[in-house]
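Heads up, there are several structures right after this.
Below, subunit A partners subunit B and then partners subunit C, in two separate complexes.
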Partner chain A sequence: MSDQYPQRILPKAALRRWLERLLVSHRLVGPVADTETVTSYRPVGPEPMLRLSGPRPTVSPKAHLLPQTETLFTFQGSGPALALTAAAPDATPTVVFGVRPCDARALRRLDDVFLGRTERDVHYENRRQATVLVGLACATPSWGCFCTSVGGSPAGTEGLDMLLTDLGDRYHVAVLTPPGEELAASAETVEATANDAEAVRAQHAEAAARMPPEFELEAALRNVRWEAPLWAQVAERCLACGVCSFLCPTCHCFDMQDEVTPDGGVRFRCWDTCQFSEFTQMGAGHNPRPTQTERARQRVSHKFKYLVEEFGRAGCTGCGRCVERCPVNIDIRAILREFAGEGQ
Partner chain B sequence: MRALEQAVRDKARELLASGQVRQVLGYQTGSVPFRTAPAFIQAPEDVDRLVWNPFCTNNLAVYLPAAVRAGGRVAVVAKGCDARSIVTLIQEHQVPRERVVILGVPCTGMAETTRLAGADGSLHGIAVTWDGDGTLGLSDADGARSVTVQDVLQERCRLCEHNTPALADEMLGEAAPPMPGAAEPFAAVQALANRPVEERRAYWRAQVERCIRCYACRAACPACYCRTCFMDKAAPRWASKANTADESWMFHAGRAFHLAGRCVECGECERVCPMGIPISALNRMLDREVRERFGYRAGLDPESVPPLGTFRPEDPDPGGAEER
Partner chain C sequence: MTEDRSLYLPNLAVIDRIAQETWDTKTFRAVFSDPGLRDAFTYHPGQFQEVSVFGVGEATFCLASTPTRSGYIEFSAKRVGALTSALHELSEGDVVGIRGPYGNWFPHEEMRGKRLLFVGGGIGMAPLRSLLNYCLDRRSDFGHIDIFYGARTPGDLCYTEEFEAWRNAPDVNLYLAVDKGDERWTGYVGVIPRYVREVAPKAENAVAITCGPPVMIKFTLPELQQLGFTDEQIITTLEMKMKCGVGKCGRCNIGHTYVCLDGPVFTYAQIRRLPQEF
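The block that comes next holds the complex of A and B.
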């Protein structure tokens, strides 16, 4: 935890007033209850009802940085008279509240992809720079969680601007960056005591202790390989839906579509996934990944081989959503355990 | 029901060892104690991987067309709902009758795993034991406790009217008693249908707005076997890939209409939906229409002709001139 900023305490009774103040200057996005068991990050209004307790939300906040559908440009006319109008980047000041450490790290992985190459993605960049991430330490792991196996922690701060820790009647507030400091200024906080600091340490340690690493990440990364017989075994069971990719906080592949009307049209991008057969389907009919075996290999290799080779970091932060929501119990932890065990 | 698990293994071993089938589709231990995973058994020595317990929730019929295309005969461990799906696949010529061996298991219902969670709402680290009958033993940070499967029954199982397979080549075990909600399978959808139309419109709009178009519902559905779904058709494109509530509504409504008179209410679509969309309510409404108007239930008789697969001049004309 950063010692650069003083540790603060926010009484829970003051949370509502803080959120209302943030709403004046920011778009506020937080975890809301869609159903009894489904929680999503959604924009909230003047009476924010946030679901801040329990395991991490069902859906990650990814869509607020990389929307599922996003217009890139519109066009009018045709031929020499064709006119393109680029979509204005969205730089609305935004606070994403209650971000779990796995999801904040995941946004760092998206930064690698969209900001870490020669070409920067202007839409992602604008949103990212306008967004402040208020984290919430995990006290309750969900059953698919494995952040500590991939270098994370239930109280990790990577990518966050501040981290809240629930201490019952109050939140401990750790400010981590200048934007976080600016945000914290509008909260009615008091200085944290030595007792508060101790309670936070104990809670973070307890949460981490509930999540022992499940596999040797380095060994798994060394052994993920093109010819593994495992791909066909995974594929046999895989139904080729997009649940794992669309819930994944680091999956970022998209399709681009033109929708044309007689007067013009629109080009947008939308989430896509290597698990769909049409993802690599060529116009002339050829498909370089003809079966689910190649598609299973692609998703795992992209996260645990290709991104590692390109950026030195795996494209997985152990949120476990793919584990829990796979209709046929394909468990990425078991796949990585198997690769990790191969070298021994 | 431990005897049932043994019966499944014995029959699988016999069918594989004698060469009567190439493969047995069943359930194996999952990665956590409250999930099973589909199993594809081809060698007699692997049959002991097969399990039977209150977590055998997947409808394995979804794998059958591809398994049969791969060659040989295929045996499937089938609950009542799975067997109905297989009947539908046979009727619709997706699976030749002689290529499938239905291993019928009388089903007393599957457990809703989310209802096993402790006070903190998490299943993390939970240990689950099953007494082989109707009781699950649970142990986690909150301590040890037990629940009956009936107490934590999945809603689709509670409403199931055909928990004993209607068609089986080998029936493993005695017929199971009727499920508690079987007498009133339409009570919940009727309550929804009784609401004013504007209220229903708003309700469904709010539901489909959550859809992320992952198509898990479609992928898990044994009746959704189109090689190219209308939603994926690229030339011409029938539906936009832009994820709007209108497009999602077209998908869910379109899928429901395609399933009218074919859906067997296995509820897999709703189980696998990550967003909690009550998809099977749509299917159940249409199932009721088909029952009332055509006196037909899907997936019970492979010799029957589904209402949407035929036409008779005297057929009712829902929404037609005489009803308007």
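The block that comes next holds the complex of A and C.
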């Protein structure tokens, strides 16, 4: 926990007033109950009803930084009169509230790709710079969660501007960055006591203890390799539905397509996945990844080998959504456990 | 170009000339609509661009023209899918979008003073044509040039209008080959690897630049090695499915190598170190 800022306490009774103040100056995005069992991050209006208890939401807040579909530009007219109009930058000041530590870390991985690796992607950058992330420590990890196996923690602060910890009738508020400090200024907080700090430590430790590491990360990273019989075994079960990618907070691959309208059209980008056969299929028919075996290898190796080689950190933050939502129970933890166990 | 310009926003260009190369391949000459860009746009042989047909989409094409001839760019497209079919439907005067240039290029600086061996097959001649015409425009910078160019039939050879210029350039030999001739074909009939073996170009102080169907490259490599070419002396350009061209969309990687950023030009020594997935 950062010592740079004093730790504060926000009584739960004051939460609603804080959120409503934030709404005056920001678009507020938070976890909303879609159904009894499905929670996703959505923009909320006055009287926000946020689902802040329980395990991390079903869907990550990725779409608010990298929308599932997004217009890049529009075109009007045809022939020599054709003209392009760039999409207006989306830089609305936004607070994403109740971000879980795994999802905040995941945004740092998206930063690597969209803000680093040569040129910046301004569509992503505009939203990213206008977004403040208010974190919420995970008290009750879900059954597929494994952040502790990939260098994270249910109370990790990487990528967050602020971290809240639910202490029953109050939130402990740890400010982490200047934008976080600015947001916290409008909350009716009091100074945290030594007892509060102790309660926070205990809760964080308890949550982490419920998720003992599933595998030794260093060993898994060392052993993930091109020629492994495991890829074919995974591929045999895989339905190529892509749900792992679409729920993954770090998957960022996209497609770009045109849609025609009566007076022109739009070029949009949309999420895509290496699990689809068309992903690498070339116009003349050749496909360098012809079967699901190559695609299984690509997804796991991209996260646990190629990104590590490129940026020095794995492209997985252990949110476990792919584990829980795979219709055929492919469990990336088991894959990594197998690699980690080799040669021991 | 402002700093905050979208990476994905193309520049408009007018197609001012369309050449029917073969029954299924056309070469498009495009002139940027923005006069400033027309003069400022420069590139290296071997780089690629993203071409938009608005309403259909965008696809990757290597630059087939040379930066030594400015004011326009050219690319060749074989009609294979939705985007190339739409391109083939265009008329002179139509507008396309162009993003680029992207990727690395043939190391023409390092090729100075060396003998050059071009080995192209079919539409694979397009990127080689960029480098070849570049070298011919700066003829004194380079040594002897051998050009091997093969196609299935005489009707499948591209850039036939330029053969005379290539053949007549100083210290250049043009070796054309077809798998199957016709009544008018008087040239070589047979596959490129065998032709290369028969002519036996020297490897000493030479660079071989090859692009074409995988089967041609597969059988040409051993011939080049037999002639003494090392893996570092053989250069090729890889084709992968691309969308963004700038390392974001995540589909052209071979292992951790992004073909759009680290390629498309590789030496055969580099290719040997890549996972074999292309």
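Operating definition for what follows: the second predicted complex is superposed on the first by the 338 of 344 C-alpha atoms of A that agree within 3 Å, B and C clash if a C-alpha of one lies under 4 Å from a C-alpha of the other, contacts with A are read in each partner's own complex, and residues count from 1 in each chain.
The definition used in the following text is that contacts are C-beta pairs under 8 Å (C-beta built on N, C-alpha and C of every residue); 3 or more make two chains touch, one makes a residue touch a chain.
Computed from a prediction, not measured in an experiment: that's the story for all the values here.
Superposition of the two structures on subunit A shows subunit C fitting alongside subunit B with no clash. In the superposed pair of complexes, A:246 makes contact with subunit B only, with no contact to subunit C.
When the two structures are aligned on the shared chain, A:10 is found in touch with neither subunit B nor subunit C. Within the superposed three-chain model, A:334 lies in touch with subunit B and out of touch with subunit C [touch as defined at top]. In the superposition on chain A, A:255 makes contact with both subunit B and subunit C.
Once both structures are fitted onto chain A, a short way to say it is that subunit B and subunit C open up an angle of 90° at subunit A, using Cα centres and rounding to the nearest 10.
In the superposed pair of complexes, A:72 makes contact with subunit C only, with no contact to subunit B. Of the two partner chains placed by the overlay, only subunit C lies in contact with A:265; subunit B stays clear of it.
In the superposed model, A:84 lies in contact with subunit C only, and not with subunit B.
Applying the stated contact rule after C-alpha superposition, one finds that A:142 touches subunit B and leaves subunit C untouched. Of all C-alpha pairs linking subunit B and subunit C after the chain A fit, the shortest spans 6 Å. Subunit A residues 255, 257, 272, 281 lie at the interface with subunit B in one structure and with subunit C in the other. Across the interface of their complex, subunit A is touched by residues 30-32, 35-38, 40, 58, 62, 114, 120-126, 210, 212-216, 218-220, 232, 234, 237, 240-244, 268, 271-272, 274-276 of subunit B. Looking at the complex, you find that subunit C touches subunit A at residues 4-10, 12, 14, 52, 54-59, 78, 80-84, 93-95, 97, 239-241, 243-244, 246-251, 253-256, 261, 275, 277-278. Within the complex formed with subunit C, the subunit A residues making contact are 72-73, 75, 78-80, 82-84, 86-87, 89, 113-114, 117-123, 226, 252-258, 260, 264-265, 267, 269, 272, 274, 279-285, 288-289, 294, 298, 301-302, 305-307, 309-310. Within the complex formed with subunit B, the subunit A residues making contact are 34-38, 40, 54-55, 58-59, 68-69, 140-143, 145, 210, 236-237, 239-243, 245-247, 255, 257, 259, 268, 270-272, 276, 278, 281, 321, 323, 325, 327-331, 333-334.
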